[in-house]
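Shared between the two complexes below is chain A, which pairs with chain B and chain C, respectively.
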Partner chain A sequence: MSTKQPTPNPTQSSAALQSSFQTLLENYQTTIPARVKLIDSFLLFIFLSGVLQFAYRILITSYPFYAFAGGFGSTVGQFVLLAGLRAQVAPGRDGEFKQVSQERAFADFCAASVILHLFAFNFLG
Partner chain B sequence: MRVTSLLLAPILTLIGLVQARSSTGDRVLVVLESSIKKDDYSKFWKSLQDRGFQLTFKEPKDKDAELVKFGELNYDHLVMFAPGAKSFSPSLSPKSILHAQFAGLNTLYFLSPDLTENNKEFFREYDLEFIDSSNILIDSFNYPINSSPSDVLLSPTSSLLRNGEIISPSTSSGGPIVYPSGTVFTTGENPYLIDILHASKTSYIGQNKLLSSDENEVEKSVSGNSKNAKEPILNGKKASLVSALQTRDNVRVGFIGSGEMIKDIWWNKEIKTLDGKSHKSGNGQFISDFSKWIFQETGVVKIFDSTHHREGESEPRELYTKKDEITYSLTLAKHYTTSNGTSAWGPFEVDDLQLEFTMLDPHVRTSLKQDESASINQGSNYKAKFIAPDRHGVFKFVVEYWRPGWSYIQSSTTASVVPLRHDEYPRFITGAWPYYIGACSTSVTFLIFCALWVSLAEGDKDRKGKKKAE
Partner chain C sequence: MAPKGKSPAATPSKNTPISTPLAKKATEDPLAKAIIVEDEEIPSGTVTPKTIKLAYPLPEHISSTTINNTESLLRFVILALICGAAIGSRLFAVIRFESVIHEFDPWFNFRASKVLVNEGFYEFWNWFDPTAWYPLGRTVGTTLYPGLMVTAGLIWHFLRLINMPVDIRNVCVMLAPGFAGLTAWTTYLFTKEMSTPAAGLLAAAFIGIAPGYISRSVAGSYDNEAIAIFLLMAAFYTWIKAMKTGSALWGMLTALFYGWMVAAWGGYVFITNMIPLHAFVLILMGRFNNRLYTAYSSWYVIGTISSMQVPFVEFLPIRTSEHMAALGVFGLLQLIAFVEIVRRLVPGKQFQLLLRAFVVLVFVVSFAALVVLTFSGWIAPFAGRFYSLWDTGYAKVHMPIIASVSEHQPTAWPSFFFDLEMLIFFFPAGVFWCFKELRDEQIFIIIYATLSAYFAGVMVRLMLVITPVVCVAAAIAFSKLLEAYIDPVIPESEDEIEEATAHQPMSKAKAKKIAAARQNKGEFNFTGILGGKGNKGIFGLDTRFAVVSVLSLFLFLFVYHCTWVTSSAYSSPSVVLASRNPDGSQNIIDDFREAYYWIRQNTEKDAVVMSWWDYGYQIAGMADRPTLVDNNTWNNTHIATVGKAMSSNEDVAYPILRKHDVDYVLVIFGGLLGYSGDDINKFLWMVRIAQGEWPDEVQEVNYFTQRGEYAVDERATPTMKNSLMYKMSYYRFHELFGGHPAQDRVRGQTIPSTGIQLDTLDEAFTSENWIVRIYKVKKEDPIGREHKAVSSFEGGKKLKKSASSITAASGGKKSRPNM
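Right after this comes the complex of A and B.
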């Protein structure tokens, strides 16, 4: 919205952007529970790991393709499973996952992750 | 034991003197037509006996001349000198001769213009087509001085096949070969036929009679019957006089268009050509060379041994893995006659041997190089090293060497090429470390995550409890 409106002073708009970003961070820090923060940091780590592996495959080598499939597959799978967990435990989930308790969601996540890692290590060769 | 061997040694050498130099055997059956006088050809028979052959003479109608008995050859070689014979005993019929040739009988046919229709029919089996019986080869420019033009003189340099195995160099540079009143044939497409001797450029095919100066008569005589006047005239290289055939089983068959070639009157005789020069005829040498080749004395090569192994091993394997380094080794030996007349096997040296590693198509074709360092008793050793193809299946090591004059060398050994076993794949490849680290770090982080999750839950509960308390 703000970009569409004529902005006479660019410093003013950048300051506005900065302030809104800060509000976002503050809101995140205060309103989001610690467990979801933990999930988010794990998601970020996995995302970076996946990007690095893919870059390595593109730029350097994909020679043992199974190893790539194992490594990259485990990051992608873990990311998907974590996203699922986050959807079930994050605030505002009650609309969709009212019947699922946090403990149940975490147990599902753990079981699926263990199976995923077994597959991934099999692929590593 | 030692004493007996000492006693036996001189006896064995004596036997060696009369032993055949042929690599297959020394029993020769000679089938002579009744009209042919054996004594006219005594020098030929003598030369065969000197070479260690045991000759047995029979007539075409002899019932006891069995070539094959109980599935075994009764004779190793056959000299068939019965061109005019109209009927044969069942054991010498063309069919049973062919049968015996499949079993390994080497045959030398002496032919003449009186070849019967039955015999001509039979020679079509070998892809030979003969001229009319009334015609013979005539050369009015080359014949011995007080003789008739039907005793054609052929120069070995221009008419004889140049092949060191079949014809020795001394024969190819020796005196002229007399081809007296012989028939002429054409060889067909059969790839196993080798032309040995062909007619000269000045010779022609016609009836042997004195021609008057009447041109019509000459014309008639040259082209045979007027009916056949349109038939192409055989001449030069197309007119074969002596040919040989070697089958895939290395059975050799020889065809000599004029049986009179081996007559005593032409055997190494001094002859005067029309220009007055005197030469020694090359018939004796030529027939000796040719019969040596037919009776498996020269040009015989045998595979002594063929083996293969993986690099760093010495025993052949049934299974090779893809991309293995395989060494194939082949030992070949050439038959030769020692100075005291025994047969022996010596080195065989060529530079164009090839090995094919085939599964339907050759996947690898490489040259076999002679290996001087190999320790072998006889013959020459050839080796080839190659990398097994990246393709699994049942493969064959195939060596085929087919050159005129030499035995047909064929060797085929089966071996399989298989992919790596599940535990043979390389592990911990350097290039794959990022992937290993990626997968491991995900797992480790997952464990840390679980631990933190559980510990945070308590904190949450506490907070909730506090909130409730507040």
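Right after this comes the complex of A and C.
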């Protein structure tokens, strides 16, 4: 920021906020390719699943704690691995990922997910 | 010597006449061999060939594939030789004595491994040992780090599978050298990522024989550190690869090695904090990118969930402060990644500002939540043993057991040289080179170096953690130095450049720059390698020869020092001692095993043995009897009880002994031989630990003379003289000296010749050199008398009116002197 901007009054800032939000949604619809949107929807699903499990633990019981830990851990883990995959297939990835092709990224993701779920499954019992 | 230069006529036809002055200069110099190579095209379109002068001739006409293949072969052979050297230098103890498990802790690991291979994995995982910490017992399955035993078990099974069965004892003894070879290879890979493969080879050689690592990984030292350092370097290598490539596969491999390390050693907390610290520093430097995100996230989730599989660790990663840094950085990375994604979609400046505020707010809120959870106790604060690393005075006051361990004392500076020799001076130079290039992976070295330098200064045991990074950094510095002096290219001197440029057509801008540079000659500039200017290197063959030969001498001295240190200081099995007879032949002192085997063969199967906790694992391993306390030191009160029994007089100690069903008491006494690691030297720690529990009954000050000396001769205080430990150590000691004054060789004091009377203990066994002394506890008297009365009756004294009167009349009727 080179010049000092005058502090915007609340109505101005909320209007600006709304317009930026709309820009966000528009850009999301248009610029993001379909496979990344697919990953995003899966991310949303995992996020909701994790929130539900945590709410259950807080509101109802934490009784089989190992089961909760295993289940919640696997949602967090899968979410994060998926987010990594998203970063590796989204447009603009070539600058950052020189040694990992998109196919290799997917294979890595599968391998890591299998190992993650193996450990989570072992934890449940 | 005929001039080796080529005449201009023999050069390739690509020459232009403008280059003649340079070529002439080359032919005039008899020592330089000129190679004419093509230079890059300058914009004006003319090609100016550049003459590269070499200090010594290189073979020509070798294709690059041959060079690459030869390099790879050489590297492979060198690495194999380094592994061989690493294994070989750890075998001193096995060759001198025998293949036996050393020291104290490895005996427990050995016992656990025997249970694993003899009874199976299920029995091992759910093992409850009723003979340790009698009568409490110990749930071994959940209170140990199973990584080492499981690794040894897997190797044992594998060898049996290929029809080469090896006894479990030999597998355990030779495990550490084997893994040391693997560590050398992993360090090579790690350093190759930081610098050149040549530096990698140097680093592998250094860590193969550096005494700092050998001290905990000789053959026979079957302890957690044997595989832990290999896993440490492997985890760090895979982390660097993950961060460089951004591949989740490498992140997963890091997590798997990390999980194995969690299973193997309590020092895994170091990795748990190093990797997040590295990621955090990169974020602060503005070097966040998606590779870092992928690598860290895949490591954190798989690593944490795999570390929770170990029963000893279980929920520690989410409940203790030591792991909160990793969780914090994980959350921060998620936030930053989310913000980056949104930022790419929305170019508005204002929204960005709001978003940054949002990130800061979330960070502050979660940090506050963390602090609240910590203070409310849901998240445990730093464990004592880690807290004492920050507050070094803490342990002596609050946890005397941890303060008493000799490995936990602060490091004296000679240990750095003893354990690392010349590496310790090259180490800062290597860190400097990392600063010079400052790639992402080199920041890791800088952080590792700083952190481990602090820890190594705080605790001797942590010299092990600094050794890898010292080897890597020293190798980088050493290799840069060698490279500079071995590289045969001779740089052009400044006069040559001036001459050349004077004859070349050049753009106006270049001419201006050179004129400006000439003007600026007044101000300070770095010269040589640091100058960063175009031409850098070494002139002349004599400088090269001098420096390279001096560096080679350093390397030879390093090897000599390391081998000598290993041979003299770190190859002692502690179970077997050796000394020289007057005629020079070796005299093996095998008292420990003699005594333990006596117990094994001459006592009942369930006879309980009481000794100080140092020897608990050895007694359980070799004598196979229940013990009261052992090296696990998990129950401070139980240890304090033993300490109280050892430091009190017989009247107080006997009920404690009977209450715990103790049949035999074992003490280590070095006074005859000069063995200074005996129990009388450790006695003050017993007193301090007991005082921690019963400050009214046991006071350390009572064991010192009026002048504050720790005396065992006639100046010793009555409390000292009546304590069980004193009596057991010096019982019948004066009989060895046949009338002459009894000399305690370790303390250098004369023990009074008035005999010591033991009422409640019978001497059962004393080993050949009086190092181990075993006493049997007398059962209650069948007619209900006090033991003191019994012995005074048998000594011929008249029965007193009140049998329990302690204040015996000094001029009481004695017909015979006390025995």
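Quick note on the criterion: the second predicted complex is superposed on the first by the 102 of 125 C-alpha atoms of A that agree within 3 Å, B and C clash if a C-alpha of one lies under 4 Å from a C-alpha of the other, contacts with A are read in each partner's own complex, and residues count from 1 in each chain.
Rule of thumb we're sticking to: contacts are C-beta pairs under 8 Å (C-beta built on N, C-alpha and C of every residue); 3 or more make two chains touch, one makes a residue touch a chain.
Here the structure is a predicted model, which is why all the values come from computation and not from measurement.
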| item | value |
| --- | --- |
| Touched partner set for A:Ala120, first chain B, second chain C, both or neither | both |
| Partner chain(s) touched by A:Gly84 [first = chain B, second = chain C, both, neither] | second |
| Which superposed partner A:Tyr28 touches (first chain B, second chain C, both, neither) | second |
| Touching partner for A:Ala105 - first (chain B), second (chain C), both, neither | second |
| Touching partner for A:Phe72 - first (chain B), second (chain C), both, neither | first |
| Winner by number of chain A residues touched, once chain B and chain C are compared | C |
| First (chain B), second (chain C), both or neither touched by A:Ile60 | first |
| Overlapping contact positions on chain A, where the chain C interface meets the chain B interface | 70, 74, 120 |
| Complex contact set, residues of chain A against chain C | 1, 8, 13, 16-17, 19-21, 23-24, 27-28, 31, 69-70, 73-74, 76-77, 80-81, 83-85, 87-88, 92-93, 96-97, 99-100, 104-105, 107-109, 111-112, 115-116, 119-120, 122-123 |
| In the complex, chain B residues that touch chain A | 425, 427, 429, 431-432, 434-439, 441-443, 445-446, 449-450, 452-453, 456-457, 459-460 |
| List of chain A residues in touch with chain B within their complex | 33-35, 38-39, 42, 45-46, 49-50, 52-53, 56, 60-61, 63-64, 67-68, 70-72, 74-75, 78, 102, 106, 110, 113, 117, 120-121, 124-125 |
| List of chain C residues in touch with chain A within their complex | 244-249, 251-252, 255-256, 289-291, 293-294, 297-298, 300-302, 304-306, 308-309, 315, 334, 337, 342, 344-351, 354 |
